[in-house]
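Both complexes below contain chain A, partnered by chain B and then by chain C.
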Partner chain A sequence: MIFESLQALLAPSSLLAVFIGTVSGVLVGGMPGLTATMAVALLIPVTFVLEPLTGLILMGGVYCGAMYGGSIPAILLRTPGTPAAVATAMEGYPMSRQGHGGLALKVSVIASFCGGVFSTFVLLMVAPILAIFALTFGPPEYFLLAILGLVGIVSMADDESSLVKALISGLLGLVIAVIGTDPISGQLRYTLGLTDLYDGVSFMPALIGMFSISQMLDLTSTKRIVTDTSTLQKIKREPFPKGLKKFVGLGSITGTVVGVLPGEGATIAAFLSYNFARQYSKKKHLFGHGNPEGIAAAESGNNGCVGGSLVPTLTLGIPGNSVAAALMGGLIIHGLIPGPELFSKYGVMTYAFILSLFLANIIFLFIGLTMAPYFARISLIPTPILIPVVCLFSLLGSYAMNNSILDIFVALICGIAAVILHRTGFSLGALILGLILGPIAESGFAQALIIGHGSYSIFFTRPQAIILWAIILVLLIPPIIQISRQSGRKKADVERQSDTSAE
Partner chain B sequence: MTRRFAEIILLVGFLIAAFALYLSTAEYPKMVQGSTATYVRFLSVWLGLLCLIEMGLWLRKRGREEGKKLNVTSAPFRFWSLLILMFIYSILLEYLGFYIISALFLPVAMMVLGARNIWSVALTSGGVLIFVYLVFAKLLGVPLPQATLF
Partner chain C sequence: MKKTLTALLIALMMTPVLAFGAYPEKPITIIVPSNAGGSTDTTARLFIKSAKKFIPDADFVVKNVGGSGGQKGFEEIARAKPDGYTIGMIFTTQIVAHIVSKRADYTLDSFHIIGNMMQDPLIIAVPATSEIKTLDDFIAAAKAKELTVAVNGIGSDDFVAAKKFENHTGVTFNLLPTKGSTEQKAMILGGHIDASFMNVTQLHGQHKDGTARIIAILDDKRSDIIPDVPTAKELNVPVSMTATRGWVAPAGIDAEVAATLDKLVADVMSDKEFIEACEKDVMILHPMSGPDYKKYLVELQAETQKFYETTPW
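Take a look at the complex of A and B:
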């Protein structure tokens, strides 16, 4: 069957579809406000006139390409093309400012490729087994998964004060995520009568505001993104950093596992992978200042989600995330009902589709590696020209998500709030993490309490929950010890200084 | 304004918000008092507590960092001009439509930020608008805001 699938994939129409799909995906992913979900959904009517396999391959290519494409503006302009690229922006943009944007892009595309290939391999080999594992996750586990993501807040702090501020920022994100419709009762909360807030504060405009607009406001005082332009001339010769393999591996596994869980997305996968990398890195101090290890973990994590999310989609008909849901729509339109038949009766087409994902990964790897030096030159554009263009695309991207003018104001307010919060020492990363994980945490917490008849023991009795608690503790204890040590050291330094001045 | 004073204003604001959030949960329906209302109460209590802890830390090291000024930007004219221009853009977007307001916003913002080469300003503005028309409007069918004034 695999041989027949390969034959089907190597047909010229299929190869052209993979190429067009992947290139379009990279372009869509690279533009803030245009998501992979939107692109796949837009393609569904187009695939009507195509052969089912060609249509599917086209959508798969877009999915793979968009996941990678989001990292390009995130690294060069601190404007994440997709929400999943936020963690990449946190490390990639500082590298760009130091003149290493090309290297950051290289790390990003290689990590994306590895994550994508690994998850597709898993999809090909063990999809049915993983699908059964995904079904064992219930509301308590989803709540704990959100907590696992929020643990990352602790590792973003250096001392007691910044830890408290990071926690406040995370809680603010969780509070903002409460706005909208109550997931249990359906009652509206804190919407101020605005219909645009019924679904909550849109995540993408808030993200664009906090990362892109705040950064553009910040750049008004500089002439160029890169201060030392001589480093940009060395892009092609810059060696690939050593020791990234374990972070790529960590991200690929995390991304695939998170992708398999229905409802979990690439954003959470990227943040979790980033957090794991931060915990296990020997260069912890470089995180937030341009550490390629963070990019490697985050990018392999969000691309690992691609194959992972297709596991429950193809085997159980439960989409792993919103893009997989749109892709499933395309499958159903062509009469391909997810389930065992997809791997037997329609096996040739299904396996050809899975194999096309490998090809899509190779195509974006080629695009990324050859184009990285040219993409990196964006940072040479003078800011008086660059800032208004990025601001325009940021505002347009905020609007395009829901065709809402209110979303533009959300982006602007978040932009100015981000500048003030950043200047006063609050953590934007923690705030965003709270905003992303808020809805999962709330519905998981509330549903679990309903299932457990109000008893909190439901969070501690199930085996999956116990394993998640163990991982949470393992991730939580080392940074807390480190923070208390650093605080102790700082206190001792201050006392020593005051003693010296008294003498 | 000093950085510490700005922090205190923010913390007091968050504390008031946490208090108001806690009180608001009393109005949640009875059926969610043990689920989502508990979650929101949990968030508000912790937000309030952490704000108080941060204020306590501030009191402990008050003497040391009092003098640090809050420096929002080192180029205030460009910073505030860009922000005001973006707000004006957002307000007028519905009235003038995407293309007209963008055709005004781009060159004005570029000039305000220091661009002096008329050709590069005109070519970039025109190029961006053509790109948006071709990719967003024609290829992807994204409905851009239309003018309601005319």
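Take a look at the complex of A and C:
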């Protein structure tokens, strides 16, 4: 069957579809506000007229391309093209400022490629087994997964933003996440009577504001993004950083596992892998200042989601995230109902589709590697031209997401607030973690209590929950020991000083 | 140069006034109150494909206004200029649920109801490993202990169906609101809940694959998609509930334009290619004329009102 699938994939129409899909995916991903979900959904009517396989391949290409494409503006302009690229922006943009933008882009494309290929391989080989694993996750596990992500706030604390400030930022994110409709009772919370706020503060406009617009405001005092242009000349010859393999592997596995879980998206995958990398890196102090390890983990994480999210989609008909949901819509419209039949009766097509994802990964790797030096030149554009253009696209992207004027104001308010928070040493990363994970934690917690008929024991009796508790503790204990030691040392210093001054 | 530009501008502005063509003379915007890729969106796009056969000059533009249970989109249709160039889709029970919860800026009178197109009857599903095999088992189990039953959000069609079922059989469920059918499916397949009320098109594949079991369909007759599943009525539980998807235009629309639109929807509904596409996509056609659909919506609103008064959301 694989041989026939390969034959179907090598037909000129299929090859063309992979190419067009991937290239347009990279472009869509690179535009803030245009997401992979939107692009795949808009392709569905196009696929009416195409052969089912060609249509599917086209959508798969867009999915793969967009996941990578989001990292390009994230690295160069601190404007995440997709929400999943936020963690990439946190490390990639400082690298750009130091003149290492080209290198950051290379790390990103190679990590994306590895994550994508790994997860597609998993999809090809062990999809049914993984799907069963995904089903064992219920509300209590989703609650703990959100907590696992929130633990990352502790590691966001560094010399710039103290632990207390990071926790306050995280809490602020959780508070903003409360706005909207209560997931359980359906009551409205702090929506000010605005229909646009019924679903909560839209995530993408808030991100665009906090990262892109705030950064543009910051840049007004400089001539161009790159502070030290001397390094730019050496882009092509810059040595590739060593020791990234570990982080790419970590990201690929985390991304695939999170992707397999129905409803969990690439954004969470990227953040979780980023946090794992932050915990296990030997160069912890470099995080937040342009550490390629962070890019490697985040990008392999969000691309790892691609294959992962298709596992429950194809085998069980439960889409792994919103892009997979749109892709499933494209399958069903051709009468292809996800389930075992997809792998037997329609096996030739399904396997050709999976194999096409490998091809899509190779195509964006090629595009990324050849174009990196040219893309990197964006950071040489003088700010008087760059700032208006980026701001315009940022606002356009904020609006385009939901066709909502309110979202433009969300972006602007978040932009100004972010400048103030950043200057006063509050961590934006922590805030965003709170914002993304708040709703997941809330509905997971409430649903678990309903299922457990009000008993908290449901969080401690299930084996998956216990494993998650263990990971949470493993992640939480080392930083806490470190922080308490540091503060102990500081206190001792202060005491010694006050002793001497007393004498 | 400036003169020519001004002249051109004036000419451009005059054109719509001068051209007295038949409706439609410019693109018709279709407001789809859900995000691109969903089943409502797909319905609209299948409709466009077929509609062009009947009005060859017509152009259609889909505008997705998703979120807030369709409310944003419904409001945008109601607010639009009633010139026939903005029409939209509605779906139940959300369209009336927003009215009864006093959140909506519209009422059913804000719309010219063109007609209904699709329906999606509700079903009761249990995990494949569940001991519950029939509706009788289900009622007996619910009487013995409070069953955890998932619905898609409060005020949704699933919720109304579950409430109707409770009222009729006298059982009380431990209702679990979810974010939607994806979550419900995952919980049923993973065996995290006892049962779920959802739509037939959301779970028929899993039922056939044996990864979930549908024990009853809440409709007047059995579904062609899953003919092995009995209706609740057959089993002496006369509870029926369905979700509908239809077409509306803003109220106050010109009678002639309204007639054109009504005819267009009726024409599309009888188009062979459209029917075939819907069958392939497992969409269940359920034609209702404008007045019939209006009557259905008014009744549904009254019914939903009753549940809102006992358990407001």
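The definition used in the following text is that the second predicted complex is superposed on the first by the 485 of 503 C-alpha atoms of A that agree within 3 Å, B and C clash if a C-alpha of one lies under 4 Å from a C-alpha of the other, contacts with A are read in each partner's own complex, and residues count from 1 in each chain.
Just so it is clear, a residue touches a chain if its C-beta (ideal position, glycine included) is under 8 Å from a C-beta of that chain, and two chains touch if they have at least 3 such contacts.
Only a predicted model underlies this, so the values are computations on that prediction, with no experimental measurement involved.
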- Label the relationship between chain B and chain C on chain A in the superposed model as either fit or clash. fit
- Task: Check the residue A:137 against both partner chains and state whether it touches chain B (first), chain C (second), both, or neither.
- Result: second
- Draw lines from the C-alpha centre of chain A to the C-alpha centres of chain B and chain C: what angle do they form, to the nearest 10°? 80
- Message: One more residue to check, A:195. First (chain B), second (chain C), both or neither?
- Response: second
- Once the shared chain is lined up, is A:402 touching chain B (first), chain C (second), both, or neither of them? second
- State whether A:116 touches chain B only (first), chain C only (second), both chains, or neither. neither
- Task: Give one of first, second, both or neither to describe whether A:185 is in contact with chain B, with chain C, with both, or with none.
- Result: both
- Message: Let me test your reading of the model: by the given contact rule, A:416 touches which partner, first (chain B), second (chain C), both or neither?
- Response: first
- Touching partner for A:392 - first (chain B), second (chain C), both, neither: first
- Task: State whether A:449 touches chain B only (first), chain C only (second), both chains, or neither.
- Result: first
- Max touched-residue count on chain A (chain B vs chain C) belongs to chain B
- Task: Considering only touches as defined above, state whether A:216 meets chain B (first), chain C (second), both or neither.
- Result: first
- Task: Please state the minimum Cα-Cα separation between chain B and chain C in the superposed model, rounded to the nearest whole Å.
- Result: 7
- Query: Do any residues of chain A touch both chain B and chain C, and if so, which are they?
  - Reply: 38, 42, 183-185, 187, 403, 447, 450
- Touching chain B in the complex, chain A uses residues 27-28, 31, 34, 38-39, 42, 160-161, 164-165, 167-168, 171-172, 174-175, 178, 182-185, 187, 189-190, 213, 216-218, 220-221, 382-385, 387-389, 391-392, 395-396, 399-400, 403, 405, 408-409, 412, 415-416, 419-421, 423-426, 441-442, 445-447, 449-450, 454, 494
- Note on the structure: In the complex, chain B touches chain A at residues 3, 6-7, 10-11, 14, 17, 21, 24, 28-29, 31-32, 34-36, 38-40, 43-44, 46-47, 50-51, 53-54, 57, 64, 70-75, 78-79, 82-83, 86-87, 89-90, 93-94, 98, 102, 105-106, 109-110, 113-115, 120-121, 124, 128, 132, 135-136, 140-145
- Any idea which chain A residues touch chain C in the complex? 37-38, 40-42, 44-45, 48, 134-139, 181, 183-188, 195-196, 198-199, 262-263, 312, 316-319, 325-326, 329-330, 332-335, 337-341, 402-403, 443, 447, 450-451, 453
- Note on the structure: chain A partner, complex, touching residues on chain C are 35-39, 41-42, 45-46, 48-49, 63-69, 71-72, 75, 103, 105, 146, 148, 153-155, 174-179, 182-183, 185-187, 189-193, 204-206, 208-209, 211, 277, 280-282, 313
